[in-house]
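There are structures below to look over.
Here chain A shows up in two complexes: once beside chain B, once beside chain C.
Let's turn to the complex of A and B:
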C-alpha cells in the first residue's frame, strides 16, 4: 500500500464536488479515475496535490499522515500533478518553468546561474525526446501541446511517488501520447503510482491496471481493468444503459457542389505552407496530423487570427480581410486553448454564451438580463452543462463543462461555418454522443465544419474528408469510407 | 448560511459604508453633516465627482486606466470659460468636442497601437498640462457672467440623472456594455469571440472624455475660473470614488455600474465631514490614500479566504 485517502470531502457552496470518498492505491499501480463531467475527479486529485484544501478527510502516504499545505510542499513530499488546463507560466522561460520552485539547484552564492540552468534543462528535454524546445525561450512561444509536454518533463523530473495526470491525452497528438505513456510506465517501474484521469475508455483499459469510477462526487467502485469492457465502464459511469449510436453511420452520401469556403495558397513562415482546400456546403472536413504539423495554426489562420499569413480565404465568393468579415459570414472558431482564447473565466455562464449572440438577443440594441438568462439556460441545456445556474462563473465549472460552454457559444448564434479545434476535448462519452448527433444535424441542415482533432476515431467517424497535415503541408486527402482504421491514418501521418 | 451572509456583506458593502460613514461623521460633527443646507452642499460637491467617475468606469472595467481625467477637465474648463464669452452653446460644444478628442487620442494609442494605458494617459496628461501653461500663462481665465445662471441645483441634478442614467443603460443593458465587461475579463477571448476590441476601447475612452467635459462645465460654473490647477485632484478622487463604491480594482465581469454613484457620494461625504472637522487638506489626501489601499487589501483578502480557488487560479489561468 503506497497511499490511502479516507473520507475525502470538498464542497463548493451547495455543490458537493467530492462527497466522502475513500480510495487506496498500491505501489507500482496505474489507476484510472473515470466519471462524467463534473463528477469530481479533478477536485479529488487537486486535494491530493495540495492545490485545494479538503473540507474533510485524511490522507496517508507511505503509512504517514500527509497534509500538504501547498502544491510546492506536495511536490517536496513526492506528489506531482499535470493539471487539466495549462499551467506553464508565460513570461518565464521554458527552463524556469521546469525548475519552478527549485531555484536553489542552480543558484550559486545567491546568484542564479542561467547558463547552468539552461544546460541542465536542455539535457532533461533531450532525454524526453523534445529536441525542438529551447530552454531559454519564453514558454508562451510554444503551442498548447508543447506546453503540455513541458509540464510533463517538469512532473517527471521530481520522480514523484504519486504522479497524477488530469485529462491530458486529448491535448496531445499520437507522438505526445507515447511520451506520456512512457513516463507513466517508468513511474510504475520505479515502484511509484500513477493516478490517471481520462475520458477515453479504450486508452484507460489499455494503459491502466485498475479503474475507480466516480459519479456525482461519490465513489461507485474500483475494479481491475482486466476483463472489463468499455461498455461495462460506460454503464458504471452513467448508471444506465447508453444507446449504441455514437458516430455517423452514413457512407457515400453525396456532398453538395457548392463551395462555401476556399483557401488559396495560405502560407505562414515556420508554421505551414501552401495550404489549399475547398469546403463544401454541408461538409465535415477533418484536419489530422502529428504535433507541429501545422494543422492547428492553419485552422486559426482560416479564422484570421494568425499573424504573418499570406494567401487568400474566400467565403461565398468574397475575399476575407479581417475577423469581422468572417463574422459577417457567420464563421465561428472554437479554440483548443479554451482558458485563454475562448472562455471568460470570471464572467458568468450567461455572459459567456451570449457574447456572440447580441444580433439575435438585442435587435434594437437593448438587452435585459432576464432575456439573456433564459437564452443561456436554453443553450446550456442543449449540451447538458452541469451547473448551479447561469450566473455561475465559468471558471468554476469542471473542464468538460467549460468545453461545453465554449461550444455552445457558437452553436447558439446560428453559425454557418464552424472551425473547431479539438471540439470534444475533455467531454465525457455520454455528452460526446450528444455532440456528434448535433454535428450530424447541423450537417444535414447545410452547415459546414472544419474539425481539427487529435482523436483519430473522431475524424474517421465524423469527417467526409480528412486532410492529412505533415510538416506544415497537406500531404494527403482521405475520403470517408467504412474500412478506414486508426493505423491507416497514423501511417499516412508519419 | 455563513456563505449567504458574506455574499450580502460583499454586495452591499459600499452602501453599508455610506450609512456607517454618515452616522460616524454626524456624531463627530455634532449633527452638522446632516443639516439640510450641508446635505445640499454635499450633493452639489458630489455631482462633478460622479460625472468624472461615470466616465472612468467604462475605461476601468476593461482593466485599463485613465490618468488624464484631471488634465482633460482642465483643458475643457478652459474651453468653456474662453468660448462661452463668445457664445454659450458654442462653448459647451467646443468643450465636449475637446473632451471627446482627448479620449479618442487615448483610445487610439491604447487600442490601435496597443500601448499600456497607464503610459499613454500619463503622457497625454503631461502634454495637456504643457499646453495649458502658455494658454493660462498670466492669470486664470474667468468664466463669463451669463454662465452663472446655470449654477442652479435643480438643473444640475436633472442633467446628472439624465446623463448618468443614459450611461447606466449603456453599461447595463446594451451589447456594448457587455462587451466592455468581457474585455475586462479576458481580452484575448473577447477578440476570438468576435468583439472588435479596438473599437470598444476607443469608444470607452471617448465616453470617458465626454464625461470629463461635462464635469469640466460644472467645475467652471462652480469655481468661476479656469486655472492651471483646475481638476488636478480629480484623477485621484474619481479613482478612489470607484473603489469606495465597490469597484473591483482590476475591472472585469464583476464590475457594477452603481459603484460610480455610490462611490461618488461616499467620497463627497467623507471630504465634507473632514472639512467640517477642520482637517488640513494635505492630511485629507493622506487619509484618503490610506483608505484606498485599505479597501484594496481588504477586497483581495476576502478572495483568499473564499477557499483554495485563488491558489488554483494561479496555477491554471496564467
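Let's turn to the complex of A and C:
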C-alpha cells in the first residue's frame, strides 16, 4: 500500500464537498476517480496535493503521516498534481515555470544562472519530445495545449510517488494525450501511483487499473476496470439508469434556407485561411479537426476576437466589424478557455449572468440587486446550476457548473446565434445530457449554433453539418446521417 | 514575435530619446542640450530612478503604493535631524532606517488589512505629511549642513544611483526575488500553490521600497540642500515620474532588463520636460505633453500583442 486517506472531510460553508471519504492506493496503480461535476473529486485531490487544508481526516504516504501545508511541500514529499486549469504563469519563461520553486538547482550565490536554467530545461523538453517549445520564451506565447504539456514536463520532472491528473486530457489533442499516458505509464512502471480524474469513461477504462466512484461528496465504490463497462460506470456516477442516447436522434430534418451568418474568405496568417461557410436558421454547424487545425481560432475570428484577420463576417445581411456589432446581432461566444475567456471567476454568479443583459434588466440604467439576484436565480435554475446562492463567486464552482453559468449568460439575453467552443469540455455525463438537451431545444426554437469540438461523437451526434478543418483550411463538409462514424471524420482530418 | 520585431522594440526607446533630443536641440540650439543642462538632466534622471526601483517591485506585484514620496520626505528629514546629533551616521543610517521602518509599516497595513490599498495609501500619506510638518517645527523646510551636500553632488549622487540601479537590475533579472515578484504579479494564487510565500515577498518588496525611499531622501536633501514639509497629498506628486517610468518598465520588460527600461522611461520624460521648459511651455502643459508621449511609447510596446499567439 503506497497511500491511505482516511475519513477525509472538506466543507465549504454548508456544502459538504468531501464527506468522510476513505481511499487506499496501491503502489504501481493507476486509479481513476470519477463522478459528476461537483461530486468532490477535485476537492479530494486538492487536499492530497496540499492546495486545500482538510477539515478532517488523516493521510498516510509510505506508512508515514502526511499533511502538506502547501503544494510545494507536497511536491517535496513526492506528490505532484496537474490541475484542470492552466497553471503556467504568463510573464515567466517556460524554463522558469518548469523550475519554479527549485531555483537552488541553478542559483549560485543568490544569482540565477539563466544559461544553465535554459540548458537544463531544453534537455527536459527534448526528452519529452517537445522540441518546438523554447525554454527562454514567455509561457504565454504558447497555446493552451502546449502550456498543458509544459505542466506535464514540470510534473514528470519531480518523479512523484503519487501523480495526480485532474481532468487534463480535455485540453489535449491525441498527441498530447499520448504524452500524458506515457507519463502515467512511466510513473506506474517506477512503482509509483497515479490518481486520474477524467470524464472520458472510455479513456478511464482503457488507461486505469481501478476506478473510485464519488457522488455528492461521498464514496460510492472502488472497482477494478477489468470487466467494467461505460454504462455501468455512468449508472454508478449518477445513481440511476442513464439512457446512452443523449445525442439527437432525428435525421433528415430539413434546415431552413434562411442564412443568418455568412463567412467570406476569412484569413488569419499562420492560423487559418480561406474559410467560407454559411450558417442557417435553426442549424447546428459543427467544426471538427485536430486541435491545431485552426478551427478554434476560426470560431474566435467569427466572433471578432482573433487578431490580424481579413475577410468578412456577415450577419443577417450586415457586415460585422467588432464584437460589439455581433452582440447587437445577438451572437454569443463560449470559449474553450472557460476560466480565462468565458467567466469572471472573481465575480458572483449573479454578475456573470446579468452582465450580458444589463440593458434588459435596467432599461433606465438603474437596477436593484434584488432584481439582479432574482433574474440570475431564475436563469441558473433553468440549467440546474449547483450553487450556494447567486452571490457565490463563479470561480468556486465545479467545471460543469461553470459551463452552465457561461451558457446561462448567453441564454439570458436571448442569443440567436451561439458559437460554442468545446461546450462539454471537462463536463460529466449528467451535465452533458443537460447541455445536449438544451442545444436541441435551442435548435427547435430557431436558434443557430456553431459547435467547435474535438469530440467526434459529439459532432456526429449533434451537428446538422460538419466542417472538417485541416492545416487551417476547411478540407471537407459532411451532412448529418445515420451511417456517419468517427472513422469517416478521422479520414478527412488526417 | 520574431527576432527582428524584438530588436526594433529594443531600439525604439533609445531612438525616441535621440529623436526628442535632436528635435529640441534644433528648436533651441543655444539653450537646450548644453553640457551643464545634460549633466543636471542625467543626475535628476538617475536620482529619480532610485525611487523608481523601489516602486518597481511593488508595482509588478500589483501593489500601488503612493506613500513612497512621503516616505522619502520623512526619511530625508529624519536623516537631516539626526545628522545634527550623530553626524554622518545619523544622516545615512537615520535616513535609511526611517525609510525601512515606514516601508514595513506600509507592508503591515497593506498585506494584513482587507482594505483597498489605495485607501490605505491615502490614509498613510495624510499621517506622514502631518509628521513632516511636525518635524519642520514651524519652519518652511529642514536644511542639511553644507558638509553633507557632497552626497547630493556629482559624482557621488551618480555613483550611489548607479549602485542602486545595478542592484535592482540584478534583483529583477537574476535573483529568486525578482522571479517571485513576477510570478506573484502574474497570478498570486498559482504562485502560492507553487509554494511561494506571497505575503513574505510582498513584505520584502515593501522593505526594498523603503530602502530606496530612504536613500533617495538622503541624496535628495543633499542635492537640493533642504527638504520642505508636504501637505494636501503633494508628496504623491513626487512619485509621478518614477511611477510612469515603472509602468514603462513593466511594459518593456519583455525586451530588456526592466531597470534599464525604467531609466530610459525616466530619461525620456525628463528630457521632454526639460525641452518644453526651454521652449517656454508652462508646467501644466508640459505634463500634458509628457503624458501623451508616454502613452504613445507604452502603446507601441504593447502593440506586439496582436502578433503573439492568443489561443
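Here, the second predicted complex is superposed on the first by the 486 of 494 C-alpha atoms of A that agree within 3 Å, B and C clash if a C-alpha of one lies under 4 Å from a C-alpha of the other, contacts with A are read in each partner's own complex, and residues count from 1 in each chain.
The working rule: a contact is a pair of C-beta atoms (placed from the backbone, for glycine too) under 8 Å apart; a residue touches a chain by one contact, two chains touch by 3 or more.
From a predicted model like this one, the values you see are computed outputs, not experimental measurements.
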Chain C versus chain B on the shared chain A, clash or fit after superposition: clash
First (chain B), second (chain C), both or neither touched by A:203: neither
Which superposed partner A:87 touches (first chain B, second chain C, both, neither): both
Most chain A residues touched (candidates chain B, chain C): B
First, second, both or neither for A:297, with chain B first and chain C second: second
Partner chain in contact with A:366 - chain B first, chain C second, else both or neither: first
A:70 touches, of chain B and chain C: first, second, both or neither? both
Partner chain in contact with A:96 - chain B first, chain C second, else both or neither: second
First, second, both or neither for A:346, with chain B first and chain C second: first
Partner chain(s) touched by A:12 [first = chain B, second = chain C, both, neither]: first
Partner chain(s) touched by A:354 [first = chain B, second = chain C, both, neither]: first
Chain C collision site on chain B, chosen from 19-27, 127-135, 163-171 or 253-261, when both complexes are overlaid on chain A: 127-135
Shared chain A contacts, counted only where both chain B and chain C touch the same residue: 51, 70-71, 87, 89-90
Sites on chain A touched by chain B in the complex: 12-13, 46, 51-53, 70-71, 83-87, 89-90, 305, 323-324, 327, 333, 335, 339-348, 351, 354-356, 358, 361-362, 365-368, 393, 395-396, 409
Chain C partner contacts - residues on chain A that touch it in the complex: 51, 70-73, 75, 87, 89-92, 96, 100-101, 103, 107, 110-112, 114, 138, 140-144, 296-297, 306-308, 337
Residue numbers on chain B that touch chain A, as the complex places them: 3, 169, 173-175, 178-179, 181-182, 185-186, 188-196, 252-254, 307-309, 311-313, 315-318
Of all residues in chain C, those that touch chain A in their complex: 1, 170, 174-176, 179, 182-183, 185-187, 190-196, 254, 305-311
